[in-house]
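Labels for the chains are A, B, C and D, by order of writing; each one numbers its residues from 1.
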Amino acid sequence: MIAAAGRVGGLTSADLNFPEHLAGENVDAISRALSDHGLALNGLAMRFAMPEFANGAFTNPDAAIRREAIDLTRRGLDILAEMGGSLMTLWMGQDGFDYAFQADYGVLWDRTVSALVEVADHNPDTNVAVEYKPNEPRAFALMPDVATTLLGLCEADRPNLGITLDFAHSLYADEMPAHAACLVARHSRLLGVHLNDGYGKRDDGLMAGVVHPIQTVELFVVLAGIGYDGVIYFDTFPDHSGLDPVEECRTNLANTERLRMLAARLSDHVELRKAIARQDAATSQRIVARALFGAG
Amino acid sequence: MIAAAGRVGGLTSADLNFPEHLAGENVDAISRALSDHGLALNGLAMRFAMPEFANGAFTNPDAAIRREAIDLTRRGLDILAEMGGSLMTLWMGQDGFDYAFQADYGVLWDRTVSALVEVADHNPDTNVAVEYKPNEPRAFALMPDVATTLLGLCEADRPNLGITLDFAHSLYADEMPAHAACLVARHSRLLGVHLNDGYGKRDDGLMAGVVHPIQTVELFVVLAGIGYDGVIYFDTFPDHSGLDPVEECRTNLANTERLRMLAARLSDHVELRKAIARQDAATSQRIVARALFGAG
Amino acid sequence: MIAAAGRVGGLTSADLNFPEHLAGENVDAISRALSDHGLALNGLAMRFAMPEFANGAFTNPDAAIRREAIDLTRRGLDILAEMGGSLMTLWMGQDGFDYAFQADYGVLWDRTVSALVEVADHNPDTNVAVEYKPNEPRAFALMPDVATTLLGLCEADRPNLGITLDFAHSLYADEMPAHAACLVARHSRLLGVHLNDGYGKRDDGLMAGVVHPIQTVELFVVLAGIGYDGVIYFDTFPDHSGLDPVEECRTNLANTERLRMLAARLSDHVELRKAIARQDAATSQRIVARALFGAG
Amino acid sequence: MIAAAGRVGGLTSADLNFPEHLAGENVDAISRALSDHGLALNGLAMRFAMPEFANGAFTNPDAAIRREAIDLTRRGLDILAEMGGSLMTLWMGQDGFDYAFQADYGVLWDRTVSALVEVADHNPDTNVAVEYKPNEPRAFALMPDVATTLLGLCEADRPNLGITLDFAHSLYADEMPAHAACLVARHSRLLGVHLNDGYGKRDDGLMAGVVHPIQTVELFVVLAGIGYDGVIYFDTFPDHSGLDPVEECRTNLANTERLRMLAARLSDHVELRKAIARQDAATSQRIVARALFGAG
């Protein structure tokens, strides 16, 4: 997989899943493979395996499994530091519920906040980002959207905690991604951006810009405005369409570079700023459509 | 309103709602106003007023109200013919249900089919288009999506019946609009297209191309392919955003003309056709993104 | 309307919309009508009329309109105090956006927070509740869900601010209502509950308990747990189904009383508590189904 | 798994997935295991394995893979006949698309219809049911909802073709399941029912009756009305919640038996029939709530 990522051309960094991508592997060998293919390690992403964590990782009813989830994350943080990476991404997909009368919501919340505190305190030099997602595998995730996650982070109150915004997750959380990024910057820190696209109903994992190019450009404008200088990670699922992953990634790159350039042009567009100040969408949409696809 | 439509510049036709736009008005005066402002009458759209038709028009439990709904539509057809228009659009928004155990579904269906037959037979020279929409005001419309409407039209089996496709309705019916248009062409006739945009969750009524430009271009490619030569009607809601309706309409026109031109370019793109034949989205999305916004 | 509410039998309180229900009316006459029909005034609900506030009330781009929205709310608070009510409900439905590049999200947020502060400070003895709703009329409300609203209230930081939870709004914000109530109790105060039901896709406004009876019972269990002693308000739309509003209200009352009684029985159910502590839904659902409809 | 199903108590039939559950197995041994545990074989369900069929089974761009999908289904039909089963369920989950400009919709449709014809003709004595589902793994399934599937079956026009209705799929296709069953009975044949529940946003696979008990009861009333005498299959996902599958299945059974009994009581309820004829939900909901949970 690392070799394939290197073959794309244009990729500069990679994320690895822990423990699955590093199980039984020599960490040095992986680090070498990354640098051999011109890739830096951006960070690790925790994956809590089924069936052990089916009924929750940080929120599991069994104290021993909760402890194992936290300790596994701490081991991940140690390996991340050893490999020179600086970002741990937590997608707590099993921490949630499926039924009314399945769980005590306050208990789930307390366990999540205290686990985040413990994980953040394990290595204050490493950033820990929560990647929210509305559902799947659970019908309801405990951290389903930007604002709920910000409430949780606000309680945890650690400077190395923040948020990873996944574009398709944000869409199906009924958010406008640029607005979500603003809320993150206001109440916490934006530590990661997963780019992709979708139809706002589930985690489609489509290539960037193929459904919501204008909303993607707006996100880039906001990212520049809040000074986001982290990695843009493509979280797409070429296998769902039987696509060649290298070609799919090249389309992701081509689209993203173009939309980012268009965002740079619009960032200091005086008439656009004035229209936005008036909340005059008739004008702003005409300016944006002209910039993007030459309309009008 | 007619004068405002004339002021936009570029509009060629108008639809009127019946009976609201024609109540107590001199039909000749309206016709004259249209031609004075350079507009042709495309057609009429039935509006079944509340509270009389709250519990259904064609499906109302009261036979007298059902009769009134059909007769009102027949009067509309007469006025439409008198004004020289050729398309009656039926949005049967109150024909549906809100609760389990509220209605006998088979009865609602029978009443709808027989009303469509009677309305179609009233004037075989006039086209009658059903405009489907998932919900609102009813929680469930009886004709919520393209395929259900086609099943109903198939039973009614009249040559002057067909479908009006509203882009935002199609999106929130979980359809890809171009695919919906293909299904219509295969099983019935596409009689009208309402252009707008939205986020796929409700009838947003946004300006065309502002959320789904690529899906809009695909629809235009399919419209050309099936030989649709009817009117493109802007069904947008400037008042929801407090926008100036004339300026909003101009943005609609500018976007639509541009996206239609891009569709014409893509219609005979050999590499795109090949990629589609292979269902190779990595390639097709790159071609489309290059054509639309110069990517890659 | 007050007389009709009195005819239902079992209703104890009423809310009025301001200014529409009180425009040009003698406040004393309304107060007398309420008491004549055995109803106490629970509170007022602000309605910012169209088209003046189409592009926002507290977030309008025009400073004069923002000022008018705040001053109108303050007048509402004065009348509320004069009438002896204690709860002002704010549904800021026009404060939002429809398009990417329509508004500066940070500016909308700042304006909302400062308006909430000013309104709360106008009369510290009156509670002011924000009623969140995902969308409509705007495609995106600025206060769409419980957590975003809590973030805003946290910034406003006034003791008389809180939240009104509308069951159908919560469902279509992808929330489990009982969980939303817990979050409110944890981070702010629950000041009002609007009961109704729906299918989780829009603001259906159906009678209570007709779609989600189990989730409604769970909400009642949580309301008891957090000590909510406010009014249960039926926010349903009998007119959408052409229903008789008095009969519809009686069904609301009958369902609600029964579900509340079942909730009381389940509140101290030892086996249920144990199953919830284990997050064992196979057991908890059997207990709940037995209590509700005699299963197994 | 067969032994576990037998342990539940109350299950009478089982479905097996083909080829996964029968790969390399002795068909006789499986048949014996079923009868040893008191289970009849209801039918087989086709599973088209990834990655071979990632880009479609019946609609794959590669003719050889399409042929393999059809031939695999024919082998499944032969084994089904050999095992004495009478129902083949087709869930064509990979037959769909993810992107605009990914596929020629008419071509996908033609391939699906002709594959259904060939499969149906392979053994006219065996019923073949299409189980529709809105999406997953594809963003758009070609057979996403009841009406589209009926259109396809109408074209295929074979007497042994029909539909399997999955309750959770129907909910997230924005259907009322009882209405969907009526449409199937009107235009084709209902060959299977998968019971479960969900929140109408994705394929939650929850235990029956835990979210939509009233809509489940309505479905049972309709099933009796249309004379459905097939199997009720529990298509739920205990592993998503880490539940014990035997206990989960017992709750499914207990809920289903109770709701079915309540449906039988309501089927010949004269006042309920009258209320439904009037589309008077205020009355019908009170009758249903009284029957289900003793309200009012």
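The rule is simple: a residue touches a chain if its C-beta (ideal position, glycine included) is under 8 Å from a C-beta of that chain, and two chains touch if they have at least 3 such contacts.
Please read all numbers here as calculations on a predicted model, not as lab measurements.
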Outermost chain relative to chain B, judged by CA means, is A
In whole angstrom, the CA-centroid distance of chain A from chain B equals 38
Whole-Å distance, C-alpha centre of chain A to that of chain C, is 33
Among chain C residues, those touching two or more other chains are 55-56, 97-100, 102, 135, 174, 199, 201, 207, 210, 214-215, 241-243, 279-281, 285, 288
Among line, ring, star, complete and other, the chain contact graph is complete
Listed in rising order, chain D residues that touch chain A in their complex are 50-51, 54-56, 97-100, 102, 135-139, 198-199, 201-202, 204, 206-207, 210, 239-243
Within the complex, chain C is touched by chain D residues 174, 199-201, 207, 209-215, 238, 241-244, 247-248, 250-251, 253-255, 257-259, 262, 279-283, 285-286, 288-290, 292-296
Residue set of chain B touching chain D in the complex reads 55-56, 60-61, 97-106, 109, 134-135, 140, 144-148, 150-151, 154, 173-174, 176, 178-179, 182-183, 186-187, 214-215, 217-218, 222, 266, 272, 275-281, 284-285, 287-288
